[in-house]
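Below is one structure; the comments refer to it alone.
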Amino acid sequence: MISLPLLEIDSLTVDYRTRRGNIRAVNNVSFTLEKGEMLGLVGESGSGKSTLGLSIIRLVPHPGVIVNGHIKIDGTDILNLSEEEMRAIRGKKVAFVFQDPMTSLSPVKKIGAHFVELIRTHEPDINKEEALKRAMATLNDVGILPERINDYPHQFSGGMRQRILIALAIALNPDLIIADEPTTALDVIVQAKTLDLLKSLRDTHGMALILITHDLSIVLERCNKILVMYAGDFVEYADSKELHRNPEHPYTRGLLRSIPNVELADQKLEAIPGSPPDLLNPPKGCHFWPRCSYANGKCRVEKPPITESNLGHFVRCFKENV
Amino acid sequence: MGLRSYIVARVLLMIPMIFLLLSIVFLIIRVMPGDPVLLHFERKASEEAMAELRHVLGLDKPLYVQYFEYLAGLLRGDLGRSMAPGHHSISQQIFSAFPATLELALFSTLISVGVGILLGVRASQSYNSLQDHSIRAFGIVVYAIPIFFLGMIFQLIFAINLHWLPANGRFPPFLAEPGGLILYLSKPAGGFAQVFMWSLPAGFVSWVICSVALKRKRVKFWLRGFLISLLVLLAGWIVYAYLAWHFMCLGVLHISTGLLTIDSLIEGSPLKFVESLRYLFLPSLTLGLVLSGVFIRLTRSNMLETLRLDFVTAAKARGLKETAVVYGYAFRNSFLPVLTMMGLQFAILLGGAILTEKTFSWPGLGSYLVDRITFRDYTAIQGAVILFGILVAIVNLMVDILYAYLDPRIRL
Amino acid sequence: MTIIGLVIVLSMIIMMVLGPWVSPYDPTKSNVSPPPNPSPPNADFPLGTNLLGQDMLSRVLCGGTIMLQVALLSVLFCFIIGVPVGLLASYAGGIIDKIFTLVMDSFYAFPGLVLAIAIAAMMGRGVVNMALSIAVVYVPSYYRIVRSQVLTIKELPYTEAARATGARGRTILLRYILPNVIPSIVVVATVNFADAILTAAGLTFVGLGVGIDIPDWGWDLTKGRELLPSGAWWVITFPGIMIVLLALGFTLIGEGLSELLNPRLEQ
């Protein structure tokens, strides 16, 4: 019997129905995630990566609507679940770590209170002392002194708050953690420490991890698989080593080229020319053609389908001049 | 600016404002067209009668003398004398009418804030839905209803047609009004009793030591023992006082608030409590509903803003229940504006109370004022108006101070 | 929303204007219906009659004029007093501004109805007196709005530029500040209108209204109160609904206008 993948996303499409028009934030994206796997979800702002992450826990903000597709967690399509059933999954089976540690914690609640509330919502039989003990153990795991359980969020630095958020995420031993830009709001040194923390926690607890970021460099070495998105489209998906060696989509190539290499002297920083499209009126055909140095007539008119070039390496590109 | 200096500055500012207010009221009553005494009698009385009244009330003195006497009297708490036969002290009349209005104001505020918050939160949760729009519409419509009209409609429906609730008054005539609690104090009857009497301050001192020691986490065993024995002595004193109450009485301590609902609870009479609530219900419902519109709008807009904030979404992402998220996280931040709005609404509340009291024959300051208008008792009208103004000024001051205390920006 | 408000208000004004012609009976004539009075709605008198035997329908149709007059006058008074004083005092700044603000704040803190009652009690009955007492209550609101606008605009670059070119204070006030202040004043005026109607009704209720000859919704409400215990609901319901509609109409206009002028942020 083949084991079920932990997460199965099938033809997911998410729209934002604004007054000015319909924005297709996620366009027909599909992929799977196995238990314990680490996926890097990469894209610029507006690529739809955050929306994709939020749809997995069905918290896409108003006026977002999941218009099509299936999201299966352990075989169950969560789009069919009631709100109450979904609530049971959030925080316990799938945990989400938000981007901005400064605003993600309630300023009037002690850290301990955040944990106790979380634990007792999902496991109502546990009493307060027991919940606090578990909370302190979790804080210890992320490298924060357990005695600080009675402090308020504003008494911690940004990096420490991010670690508290991570602690809240692992507190109930979820099967999947989705971290949305967990390091963007932090400085470089703390960034690396936080990412290493995530990775080591994953190694010890064995959960799957989706790391959402715009920075390809931080997922290249840490993740098993990488999914690249652009303007709502699934653009490329492969094993991270394979992606690094054989990037097929011009966008991925551009991303790789723009990673500065400390060891090279006199390196010119290469950026991808142009800017992301206005999703109210995306370009016809392939969304990327205005910025693509390989684009030809076909790209401007027809949207390329997803093809599998190597085993497990998928890309959405005609690849004619590439 | 520290909190203390803010309070001082604010109180100092209040002095000229109150002074201005008092002078304005004085001007209105004395200087406006129409001699108060003349208007009082409506030219139906003789010259002697008018002169007599003027003399009794001190209105025949020159204007500047009257002004000083007026201010001096206010400092003493004397609001003058009524024009009605008997010339009773206005302060006394107002003092006896005040608790009724206070009770009405409190319960109405409870209803308006309660309804406002509940509806405002519901509206914000279902943004732009039919529920949201109808709640908003309700808030707007309800404020456009004249208070006495709504009161009369309620009277029609609930009292006259359904006979569920009384239409007028504050308390059923067949019951004695709740008097609160009456305690009899005893006189110490000898040496042993004196020891007991002293155990009270001794207990207090030991409590002080105890809390200081506990703060340093050094409560030793012998100290604990000492405290326990002192507590035993304290308990003994209470028992002794109770026994003395039954057998000896010399002094009487009367504990009552003037609020019939509270008083009936203190007295321990559930029947009186229920009855006072029955009479209180319709008036406070009327006043509360009309004023709830503001709170609905305020809560709704605050919640809409707060619900968009990250920590709310993060809380939802942890699988917390909707009510827990809404009330535990989002609402805490709406609390302060609601508090300040309660203070700001106080002035409108008082105005509305006047109309409500007249409609339901509720014996408070509002009824007093309206009665005095009918009797053209201008000095009493002046007194009541002054009191209203001072009440509002005090409440505004308290709200300002409370806000300064709770808002960390001003505190530091 | 503004449109609904405008529709309501305009239709009521039309009703009031046409009232005297359209109403089936003379609203002040007693006993148009034979005793016993008051009688419930029936074929002859669709809204019933009151204690004096006067036809309710006619009274309802004609009863709004007093309120409208009072409200209109009070708004006018506020405009004439509040706006110029606000403009001049806040533009002048310094001690004048401080004194006026202190006075206005003292009035503002006062419970509105109480102040109106005090003034109306002293001045006696009549439309003008009622309007004046209401106006006194609302002038501080106009003053505040005007003042806050003036203070903001006074500091804006184009005002400074005008001053630099030697424009006189009066010109600046009239050409630059006044046009910007007008939208906010209009919004306050509509709210003022609605409140004035309700306050006028309140004043009538406590006995400080107009005389008994002229049909007035507020008066009907006050008098109708005595008939409640007998269950004569029609005497108060219809006049009351009218007051609600009128006040509501102005409130809606005000809400709609304020939303137009300060569009709310979309989510």
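Order of writing sets the labels: A, B and C. Residues in every chain begin at 1.
Just so we're on the same page, a residue touches a chain if its C-beta (ideal position, glycine included) is under 8 Å from a C-beta of that chain, and two chains touch if they have at least 3 such contacts.
Because the structure is predicted, anything quoted here is derived from the model rather than measured.
Ranked by number of C-beta pairs in contact, the top chain pair is B-C. With chains reduced to the mean position of their C-alpha atoms, the one farthest from chain A is C.
Inter-chain centre distance (chain B to chain C, centres taken as mean C-alpha positions): 30 Å.
With centres defined as mean CA coordinates, chain B is found 55 Å away from chain A. Annotation for chain B: residues touching 2 or more other chains are 127, 308. Within chain A, residues 62 each touch two or more of the remaining chains. The set of chain C residues touching two or more other chains comprises 267. Residues 16-17, 20-21, 24-25, 28-29, 32-34, 36, 39, 127, 140-141, 143-149, 152-153, 155-156, 160-161, 167, 304, 308, 347-348, 350-352, 354-355, 358-359, 369-370, 373-374, 378, 381-382, 385, 388-389, 392-393, 396 of chain B are the ones that touch chain C when the two sit in their complex.
Taken in their complex, chain C has these residues touching chain B: 102-103, 105-107, 109-115, 117-119, 121-124, 194, 198, 201-202, 205-208, 221, 224-225, 228-229, 231, 233, 236-237, 240, 243-244, 247-248, 251-252, 255, 267. Listed in rising order, the residues of chain B touching chain A in the complex are 127, 308-311, 313-321, 324, 328-329, 332-333.
Only residues 57, 59, 61-62, 87-92, 95-96, 98, 100, 103-109, 117-118, 121-122, 165, 168 of chain A touch chain B when the two sit together in their complex.
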